[in-house]
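Structures given as structure tokens follow.
First subunit A sits with subunit B, and in the next complex the same chain sits with subunit C.
So, the complex of A and B:
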């Protein structure tokens, strides 16, 4: 009987430290954020916020800059996630024979991922600068001109390429693992049945890798949607807010405008959107498994 | 170890901790601006103060520094949380109003006005109270290449081309002048003249380099231009006055220079370091930049053509010649553990002797009178800084308010949008006025 009682409490006891940790480090700040998002609060009254209902949410939804930031985040997240998944999948399959023979190459391909995003922004700020950057230097030298990488018309493409270059290795890693996990017997059987390489890829390999690609897409989408570091370091909020992501919008509203309630209302919106995307991703994956 | 022994050890530990905490309380802890010449100067000043015979043990100053990145954001969060980790803290002209609720006004040395001058003291005032001792002053210099300008002035055959450019872009014939006699129109035409996209014979690629990134500090650089046309944030009644000709013309001229290729096409992502890098490359003729860049731009080991770089005050407009000034200083934390010690240190810091020590150790205070004369030989750059600040310095009406930072941010957002072509001038000014009305109400 004692053993039964012991096993009954075993799981909760083992899980307790993690639950306490999460409650303290995630739950409490989240709860505070939610309360503050319904309050009139700035730095001068941070200890005595006044409840004001939905006014902060109303201010957020009526702010054109919030919608501009949302559009930027959505566009950036969708395009970078698609590009990274497409490129990562292609490289995983294309480089698979080479990587199987020389696995150390994978470590080299993973290197961009190991650079801190803020450092990446700083690095490209130097690399792309017309007077000190190597790229414009050689373009001027060879072609007599160089595009203005961070001009208003090119800045989105530039940050898109930088993000894609940094995070494609992540998708490559996931897809490579999934590709190598395909049972070789299935491929052999298909080959024996007369499947040509492109048919093997289209009908056998891709459907088996697809759930992994979907996971990679959603992870990269969420990461892209909440982008902050490298863009903030590289271009700030951008001319007229052209590179203001939702995270940058929240940061600016919080620290620069000192409107804590409004910033937290926007962060709650960001959290809800991210949660919804994750929820949909899990549903899609579960359906895929069935 | 038995229970009694454990208790004794615990009690001893508590006693030691309490003693250490007491010792920490006795010091005056000062939070300074980290890295760079400001830190060097503050260290020297603190060392000199600590060595004074009448500085008691409980008045010794210890300095605290944390990273520059996001400094003011972190400081704001700390002060709002009621920190007592420091007794005196850094503050800047544009953030005094924001920090004032968490700070105490201070008394300066009676001779402070003779050391700094009233204009500089005002950079540390909010609602008529002195909240800080002014330390490092920032103003704007017009940097120009003497070799290029001299060649232009001497070569009469170039004057026709210069005049034609003025006619084409500004609608009036003009002749080249020495930079010290420039109006803003002269600056614009000279910038265009030295732009290869406008004048193929220009010896440099760009006439000027503008800092147009969506950043509040870039608005400060820009403000010296509209101020010369009489611009202000508000009139005496508190009415926002940004939608005015005084703002419109400089905004249009900046856009014209960008569109004409007189400044690098990436200028919308340029701030202080990018602009300096462009100037140091030797491909830019003139640039309006912070005085803090003088060391870098005029250092022969660092910059091409450094020996040919000279500075004058920003150009004049119909209302005169102006340079936006702001200062860094030290003020008193409301929750200071040792407020009396901090007050004494801050008062000393505003004396002539302290200002001279600060200046001689890489600081950049805006000095006047005897204090300036004492450092003039060692720091000739401070002579220009002091002269420009006292003669041409200005702070916009509302520039030290609690919302000043946010106003600069709102302007940066809208004006850069206009320069980038995502907003019309009317939209940009309307957006700024709306934001400022909310912020300064």
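So, the complex of A and C:
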């Protein structure tokens, strides 16, 4: 067998299926995206778009709704990621002696993660419903009043809490695994040297799991930034657009307003911005690890 | 003091477990109430538990064909889970054994999962329209495969990395071709990694909502989107007991899979997060 010729082309052949697949399903659409975003295009001339320059981009940047959606996504992502990391880190460290004894308890805490965010959103439509929802039921019973959770003034807090409650387990899990992976000898050495429990936690253990927390924050930030499912089923981006994330903005521009060019231009903007943010974040995380 | 801390930990655990799972508990409870009781008693107690809601959802299919949705989800999720394993396995071998593409290609693909998927959705919609893939299970399955691909590749690369290299060396000396080495030597040994990617991929694919919403309208609607139809089509009069039963059925497959495999999931989740 002519192994030399074989091995020369072997790697590209091994790589080909995945590369071809990605080019077809992501590469080609991205190209389409860029070309169409510079064109005048509607559902009537969808196969023959006309080049028109930057008009679609102008329309996006002049749309106050676009900026409102950007602000919402940034604020939502930052706040949920912070809350999830704080809560998850606390629970991971505080509960770790218990979880080490009974690992299956972890499965109970992980349950919310397994449920589709869209289904979680539907569940909360039930939970928060003013007549059949358990939460308003008990609030009325015990306090005589229950807020309108999905009204314009409360809806941000509501979706913030929902997102945080569903994904705190993710951070909890990562932190718990990292916390358990700390070499016990380090703890012993510190204890022998006279470190008190809170000193051990603050000066030894926390710095050791900080990189994991940073990664968890990064992942949760990204997921919060592109939020769609649970907000969509819960509010349908209603409440005066106060819960319109960037994903929902693009969806609505396309499906409700039928403004294909603008929706595509917004997609390209989001693509460029996320690529840059990702690039910078990965550099920072890499440096942090070294 | 130690006992006090211990009970405090249990208290915090129970509280956290209750609050985090509150929507799941509430939905299960509501699904077991009769129509009259849902309206009369919104609390977490049930006077007369009944399976009527589940029976209705599973037998009366003219308004909401749950079997159609479940089938669509199953077929699309299977395509979306198995396809990336097949196409990633060869390149995962090249990456793990020969450091192929480890500078640009590998990190690029792994980081695809951090991009907001909405940016591809509209051009994909247009492309699917040209190709006649809109509202088909295959079309939905293909995009689920894209979504699953980065993590599949990562787990497979890690899995092949853990296979001792002597194994394929030995097979090579015996005269086995690369194809044989891949399918008969490496694949069987890293079966745990394949199983983990399957579980992860299936849960992700089953739970996906955005593309199901955008790329399907009638024939290929997956369960998650179908369940949300039940809420929007009600015209104000949602039957909450039935709605709850539908949500439970829709959420059951990934939740059961996750509960059974939580150990594998937690372990490889750490691997994915740290190495990604």
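We adopt the following convention: the second predicted complex is superposed on the first by the 280 of 290 C-alpha atoms of A that agree within 3 Å, B and C clash if a C-alpha of one lies under 4 Å from a C-alpha of the other, contacts with A are read in each partner's own complex, and residues count from 1 in each chain.
By definition in this document, a residue touches a chain if its C-beta (ideal position, glycine included) is under 8 Å from a C-beta of that chain, and two chains touch if they have at least 3 such contacts.
Quick caveat, the model's predicted, so the values are computed rather than measured.
Colleague: In this superposed model, does subunit C or subunit B come into contact with more residues of subunit A?
Modeller: Touching more residues of subunit A than the other partner does is C.
Colleague: Name the contact category of A:46: first (subunit B only), second (subunit C only), both, or neither.
Modeller: both
Colleague: Would you check which partner chain A:151 touches, where first means subunit B only, second means subunit C only, and both and neither mean what they say?
Modeller: After superposing on A, A:151 lies in contact with subunit B but is clear of subunit C.
Colleague: Could you look at A:36 and tell me whether it touches subunit B, subunit C, both or neither (first, second, both, neither)?
Modeller: Once the two structures are laid over each other on A, A:36 reaches subunit C alone.
Colleague: Return first, second, both or neither, reflecting whether A:267 touches subunit B, subunit C, both chains, or no partner chain.
Modeller: second
Colleague: A:93 in the overlay: touching subunit B, subunit C, both, or neither? Say first, second, both or neither.
Modeller: In the superposition, A:93 touches no partner, neither subunit B nor subunit C.
Colleague: Under the stated touch criterion, which partner chain does A:11 make contact with: subunit B (first), subunit C (second), both, or neither?
Modeller: second
Colleague: Please indicate which partner A:79 is in contact with in the superposed arrangement: first for subunit B, second for subunit C, both, or neither.
Modeller: neither
Colleague: Thinking of the overlay built on chain A, is A:134 touched by subunit B (first), by subunit C (second), by both, or by neither?
Modeller: Second partner only, subunit C.
Colleague: Looking at A:216 after the superposition, I want to know if it touches subunit B, subunit C, both of them or none. Which is it: first, second, both, neither?
Modeller: In the superposed model, A:216 contacts subunit C only, not subunit B.
Colleague: Using the superposition on chain A as set up above, list the residues of subunit A that contact both subunit B and subunit C.
Modeller: 46-47, 125, 129, 131-132, 255
Colleague: Spell out the part of subunit A that touches subunit C in their complex, as residue ranges.
Modeller: 1, 6, 10-11, 13-15, 17-19, 21-22, 25-26, 28-30, 32-33, 36, 46-47, 91, 94-95, 97-98, 103, 105-120, 122-127, 129, 131-138, 141, 165-166, 168-170, 173-174, 177-178, 212, 215-216, 219, 222, 225-226, 228-229, 232-233, 246-247, 250-251, 254-255, 260, 263-264, 267-268, 270-271, 274-275, 278, 282
Colleague: Show which residues of subunit A lie in contact with subunit B when the two form their complex.
Modeller: Residues 43-44, 46-47, 65, 125, 128-132, 148-152, 155, 234-242, 252, 255-258.
Colleague: Could you list, by residue number, the parts of subunit C that touch subunit A in their complex?
Modeller: 6, 9-10, 12-13, 16-17, 19-24, 26-27, 29-30, 38-39, 42-44, 86-88, 90-91, 93-94, 98, 100-101, 105, 107, 109, 111-112, 114-127, 129-130, 142-143, 145-146, 149, 153, 177-178, 203, 206-210, 213-214, 224-225, 227-228, 231, 240, 243-244, 247, 250-251, 254-255, 257-259, 262-263, 265-267, 269-270, 273-274
Colleague: Given the complex with subunit A, which residues does subunit B contribute to the contact?
Modeller: The touching residues are 70, 73, 76-77, 79-82, 98, 101, 212-216, 264-266, 268-269, 274, 277-278, 280-281, 283, 402-403, 405-406, 409, 413-414, 416-423, 439.
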